[in-house]
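Questions regarding the structure given below will be posed in turn.
Order of writing sets the labels: A, B, C and D. Residues in every chain begin at 1.
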Amino acid sequence: MSNISEFRADELHEECGVFGIYDLDGGDIASSVYYGLFALQHRGQESCGIAVSDTSGPKGRVQSVKGMGLVNEVFHPENLSQLKGDIGVGHVRYSTAGASCSENTQPLVLNYVKGTLALAHNGNLTNAPELRHELEYTGAIFQTTIDSEVIAYHVARERLNTRDVESAVKNAMLKIKGAYSLIVMSPRKLIGARDPFGFRPLVIGKRDNSYVLASETCALDAISAEFVRDVEPGEIVTISKDGIKSDKSLQIKKSAKCIFEYIYFARPDSYIDGVSVYNSRIMAGKILAQTHPCKADIVLGVPDSGNAAAMGFALESGIPYGMGFIKNSYVGRTFIKPKQSVRESAVKIKLNVLKEVVKGKRVVMVDDSIVRGTTSERIVRMLKNAGATEVHVRISSPPFLFPCYFGTDVPSSDQLIAHKMSIDEICKMLGATSLGYLDVNRLAELIEGDDGYCDACFTGNYPVEPPKEDIRGEYDQ
Amino acid sequence: MSNISEFRADELHEECGVFGIYDLDGGDIASSVYYGLFALQHRGQESCGIAVSDTSGPKGRVQSVKGMGLVNEVFHPENLSQLKGDIGVGHVRYSTAGASCSENTQPLVLNYVKGTLALAHNGNLTNAPELRHELEYTGAIFQTTIDSEVIAYHVARERLNTRDVESAVKNAMLKIKGAYSLIVMSPRKLIGARDPFGFRPLVIGKRDNSYVLASETCALDAISAEFVRDVEPGEIVTISKDGIKSDKSLQIKKSAKCIFEYIYFARPDSYIDGVSVYNSRIMAGKILAQTHPCKADIVLGVPDSGNAAAMGFALESGIPYGMGFIKNSYVGRTFIKPKQSVRESAVKIKLNVLKEVVKGKRVVMVDDSIVRGTTSERIVRMLKNAGATEVHVRISSPPFLFPCYFGTDVPSSDQLIAHKMSIDEICKMLGATSLGYLDVNRLAELIEGDDGYCDACFTGNYPVEPPKEDIRGEYDQ
Amino acid sequence: MSNISEFRADELHEECGVFGIYDLDGGDIASSVYYGLFALQHRGQESCGIAVSDTSGPKGRVQSVKGMGLVNEVFHPENLSQLKGDIGVGHVRYSTAGASCSENTQPLVLNYVKGTLALAHNGNLTNAPELRHELEYTGAIFQTTIDSEVIAYHVARERLNTRDVESAVKNAMLKIKGAYSLIVMSPRKLIGARDPFGFRPLVIGKRDNSYVLASETCALDAISAEFVRDVEPGEIVTISKDGIKSDKSLQIKKSAKCIFEYIYFARPDSYIDGVSVYNSRIMAGKILAQTHPCKADIVLGVPDSGNAAAMGFALESGIPYGMGFIKNSYVGRTFIKPKQSVRESAVKIKLNVLKEVVKGKRVVMVDDSIVRGTTSERIVRMLKNAGATEVHVRISSPPFLFPCYFGTDVPSSDQLIAHKMSIDEICKMLGATSLGYLDVNRLAELIEGDDGYCDACFTGNYPVEPPKEDIRGEYDQ
Amino acid sequence: MSNISEFRADELHEECGVFGIYDLDGGDIASSVYYGLFALQHRGQESCGIAVSDTSGPKGRVQSVKGMGLVNEVFHPENLSQLKGDIGVGHVRYSTAGASCSENTQPLVLNYVKGTLALAHNGNLTNAPELRHELEYTGAIFQTTIDSEVIAYHVARERLNTRDVESAVKNAMLKIKGAYSLIVMSPRKLIGARDPFGFRPLVIGKRDNSYVLASETCALDAISAEFVRDVEPGEIVTISKDGIKSDKSLQIKKSAKCIFEYIYFARPDSYIDGVSVYNSRIMAGKILAQTHPCKADIVLGVPDSGNAAAMGFALESGIPYGMGFIKNSYVGRTFIKPKQSVRESAVKIKLNVLKEVVKGKRVVMVDDSIVRGTTSERIVRMLKNAGATEVHVRISSPPFLFPCYFGTDVPSSDQLIAHKMSIDEICKMLGATSLGYLDVNRLAELIEGDDGYCDACFTGNYPVEPPKEDIRGEYDQ
């Protein structure tokens, strides 16, 4: 949660958030989708969209509004009020530099043999290029560079030979590989599906007679829906006027949930697969205090994502937790960056140190990760300028060593500082007194001992064969 | 030419204008497309777009900018300067109430088996619904409601079995029926095609070492290109680095050029299939003076499309031509319409009568057509209020009796006043002293005796079988 | 009328248009002001505004909406509907390069000792700098660079010692010098005033129980008001719930109406001081035909302002009038100008020649004026390229030799081509076959023999002492 | 600092923030003002503006950009780059419902007898109505409803009889009463002044050879300027090419600094008059723990302004501090409010409770103030729904009983819940287990024992005679 994604030039990004709702009582759901997307905005700030279907209308009339920008910017009372319907699907998308264009906004809305479909997905297919080529060799045309279009084609083709749309989704899932949490809206059904490894989260909620699907439970809270359960890895849930049904026939033994959802991406007030994100961060902080103890006067979290781990570090170490930074949440995506100079920096404008808390103190500074190291270096320097006598940097994740192909933008190895420097060298570069990362062997403790997680960005152990080459962004033009 | 399309609630609309250019010397052509679209703006004011290909770039990199609104509104120096390339295609689209949405902007840009294609077309396919259904039954998905997407699918599928893209276009043309003038841009080629009946115009121009395709010659003038010749009905021209080549193997005996292009849609400074639009209007006015003479003091054209015919009437009748109306060109599409009242009307705000010219005079008022009659009635009243003693209405086209399925919006018969009333009744409703329409048997004289024109909206003689039901707008949502 | 102001880089501009209305029956008048401003848009396209007073509200509540841009751009249903009231005043302002800023929009709305005032004016004070200095020496502050603020101060100060606001306006008029047509709205009165020389027009209209003030009669037509009479030079009319009253005590013997209002600025469908603008242009054309006859085949007016004079030339000479140009009214203020090149020019994009009319012909081309000559030169060239064998240029005004200080932007002499070249030299520069200007001694004939006009821009005979230095624009920052 | 001002419908608002800088080395300062305003954005989100003077330009050319919206929305690279100069003044303004209009944006830029002035102020004059009337009786006109205009008039009038602009400011200060921190920019000077009671803060900073004035020290940090000292109550500092000079001749014995700046308005990383805002909040929390102790498991601050006091409460009580809320910083001013319903509320969308932290716990919830009580009631309910067994509400200020006339919008008594209910009744209304306010007698401890503060909103002891009637907003139209 928070503007943290705007706070660091070298931060990581989640690629999407999805939300769906079906009010079996026929209520109007557009504003619920709108509020749900607000709660998922941290998962993507580039573009967003809502599509709704009115099951009482002719043939399930589907209407959509999509646009570049934040939920707050794309929707206004006029266009929101035009979205009349009892089923809805929404999407927030993350902003990369290249692929940011209006064609790529989601949900993808399309006509096919059985009428209209809307698709919203979170994740990355690892075999999308192959599938695109295959489809093209049968005459397909692509108007976007998003994986949703590949999925949509497969659903449409499978639909020719299946009895219902959920079966078409299932058959499509046999073809697509990689990470995806998917919401599909047909004129009269809302379908949620999660890839067999369960890389990305997806939850089921309920409010009165409405069923809800969402990337995170915080979106359920926002609309006062109750959490029912997670969609399981490999599961397909179908909500129709007959209620909810589940198909788990695609499930496999081993899951590979993204551990970084807990460490950084998800909001701390969310629960993923039964585990509190907040608790997992507290635990990360505790482990750090056990494995990388130090003598210090105060523990500070780099806002906002470092706060919970800092709290855990404080609890375990007995060093008091403090509030050491003030973040300026008015500095949005479009602010004019300062020209590179020592004294004015984007970091400084977005973050200030509370001198009163820091001066004369030995500080433990807890952050969630280091990508390129430039931001961390500036923050260490700010702490020292504010009078900190020592700065012990603790990172609530292991060092990034490998790129991610499953829906985040952990970049290629040559851009990862931990790939190029030893920990001592990084410590020196940051100007830190000491530096400690989370032990990769203790990651399971973050999620209550479950070992069904993906740690490929730390270990290179990819649960699904990665693409031969890094194709991320190739289709962007 | 002009804002006339905004001037009358009950006027007719052309559905599109297309423009393409290929600079064989590798020059930058985006601004030429931009200026060319300005000259075609009268053919469509809803949305517009430009796509360019840079043949010197990797794999023919294609970039596009599209948006709702006028050329003036969609393009600005920033986005225009990003369109770097030596081949370009542009489009202006007409604004209907329902289907006005950003998905439907053109050119359609897509990836297919052989890379990237951009398509811009003007016209209406009469078998689009059947083709859509057929494609859907092979797994196609549709993201827009425009015919270009249907054409694109056919080109993409044919391309699997053809040696080059122009052959794929040709094969696609064997499937699609109806009216179309089409520009297709592949990464290294620019292709223009016109349906075998030649409903909509398409011309070839040349400037230095650049080839140009455009809906009308006025767009050639705007960019100082010379007119080379018309693309012939059924012809496909292909421009590549090897120059221009032509394929006329799809030509048929009989053409069916839209006669209403001459009467109303095209700009009077354009030439279509060798005939000056201006001259054809002068001729329409002359015929009216021959067939519906009257005693009067002055001849006035309803601006802007009635002016040339009025001039022709004056020349033939000897009655002086006068400037009787002032049109307010500042009243754009978005002005706030007055609530219906006798004294304030949209017509009045957009048009004023020059009392000095009209008072005490017997007036011949020449207009291009009557659809529902409401605007004509208001203009007659304004003339009388300004002191005209008689108002002889002369219409430079025959009465509309049948809908058009070939790229204009002549509506269904029940909305056409001539279908419901006799000419005498219409005259009375207008409050006119007399009323005369152009004789349908003399239409050929407008285009120098050529009889290869379509007059289906006057006669019901459709050159191509019309759709079983009026499907125009069905796919709009 | 028309976009002509956008058509030529070297054209002249009127500086403002004003409109006021008071509905004694308490009707809502905002939309009437809105439509009235549309009819006056040719007098200014930089910014516009409307202020309304609700006499039934507390203390005459005044509300206003102002903004940069056209009437069409500034007003939309939301903000227009917020302007509730029975008295209203509106303004359109001309766009200069420098002084274009939101502070300078009119009407100026202010609080002073007696409540609220709104002022809209058209013209230029010649002693504004002196008055500003005087006011500043008594502690005044200025937040704009418009003369309205100077006038407002004087009204406010005079109001301290007068019984009513119209007396304060009158006393202020004793101090201010130069050209002004002024509309002042107090919470319960609408006042119109015209400087003693009557440089700028101002008319009175009536519609039911509403009184209307406007720069031109065409604005009365737009709202279906009847023309009552002109406000006379030096007259003050005051409209209150007691009806209309007049004070002519400031009148002087000699008026100095701007002759260029007839030749160019005003819409041809307007009447100024009893004279039809259209007729005065017809007359200008006739005089040109008498004084500068030539042998030719056709007479063409440069649209739109040259058309009526061309018609007059045709009538007098017997040479047929023709329609030789097509103007592209979609090219607005913000279009991207072509880089200077021979083949693409702003003129060409905005104007095309009808080859069919021109080729092989000896052409008389009638335009209203020549400022720097660049546009005229391009048009002559276009005519020749279209096949004209001779181009006889006829200008319906005398040569500009002196700047104007009375509300137009006829520039300083060093920018006027006629100041620097002989007529023969200009003719050669234009590439014209012959060139003839209107004889300055025959100007009175344009306005039915009245000699109460200002021709200072042609003769240097300033009716009011001009400022010592050309201060126009000085206050712009 | 945070979106807290957007977080509560019934919150309080600061009315402005001011910033000024003069680079004696002639550097370009617009971007420094821009970044400084970001740091002050929490003091006002309605509108903002920057004016700059170029001392090397002709006569000290002043340019300004102002607009409605956040710093992020009003400024973009184009308009910021046009602000060239070495002296600058900036302003952020708070959004009230009524007076929100572009005329009222600051800095006010004006011409007067000695050239140009720009004024930015924070505060409220208590005698503005009287001064306006007085000025109007000497012929003044007012174009805004902001106090800056009243101040500007006085400076302009005094300037007629003073040697320099700082003396004029001083003389003006003898006339104006109430709260103001003022920055005045003349073409070659930057002047800061604070009212004799020092209600609103104003500090001096330095960076290289640049002097800086700002509402808070956090703005100095943002541009890497060093804190020099506070402008003292009643002091005038003048920065010119000769450096900085001070005039303290208007100082009085007793100051009346707004205590609520410490409790809520200012950013915790700022220092006001030598006292850390953060420390004063820690102290408020400690006093609450002493005076209103309770048995509980965790202390939570309502973000963001309650966090520091919660930390103080935790420190003093020994009850652990916890992170109990997640604030959604993406929910901006323009989000579409939910229709009133129990389950969806604006509070819920902006704030979520961390169930994991709260469930089964006895909670101390620390907030800064209660105005109407509606937001607090909702937050208490959210805590209980999340499983809190007890909710002890602690407010780090005394109860609001009286309106504020000195630059904040503490409303009239009839809207203050503490004016209408006893503390027990409020506790019951909130659904809280217990409720404790800060003891009004211990306020001095927040600022290190200094008793020179204003507590009128708690006690009714107004340091300056309040206006006869509550005139706040009267001039808004």
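Note that in this section a residue touches a chain if its C-beta (ideal position, glycine included) is under 8 Å from a C-beta of that chain, and two chains touch if they have at least 3 such contacts.
Chain identities (UniProt): A, B, C, D = Amidophosphoribosyltransferase.
These numbers were taken from a predicted model, which means no experiment stands behind them.
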item	value
Third chains touching both subunit B and subunit A	none
Reaching subunit C from subunit A through chains that touch each other, fewest steps	2
Distance-maximising chain from subunit C - centres being C-alpha averages	A
Centre-to-centre distance between subunit D and subunit A (centres being mean Cα positions), rounded to whole Å	36
Averaged-CA centre spacing for the pair subunit D and subunit B, given as whole angstrom	60
For subunit C paired with subunit D, centre-to-centre distance based on mean C-alpha positions, whole Å	48
Junction residues of subunit C, two or more chains touched	none
Chain-level touch network, classified as line, ring, star, complete or other	ring
Chain pairs that touch, as defined at the top of this document	A-B, A-D, B-C, C-D
Contacting residues of subunit C [partner subunit B, same complex]	1-3, 31-32, 34-35, 38-39, 41-42, 45, 70-72, 75-77, 80, 207, 218, 221-224, 267-269, 276, 278-279, 307-308, 311, 321-323, 326-332, 334-336, 338, 343-344, 348-349, 352-357
Footprint of subunit A on subunit B - complex, ascending	61-63, 102, 108-113, 116-117, 132-133, 136-143, 149, 152-153, 156-157, 159-160, 475, 477
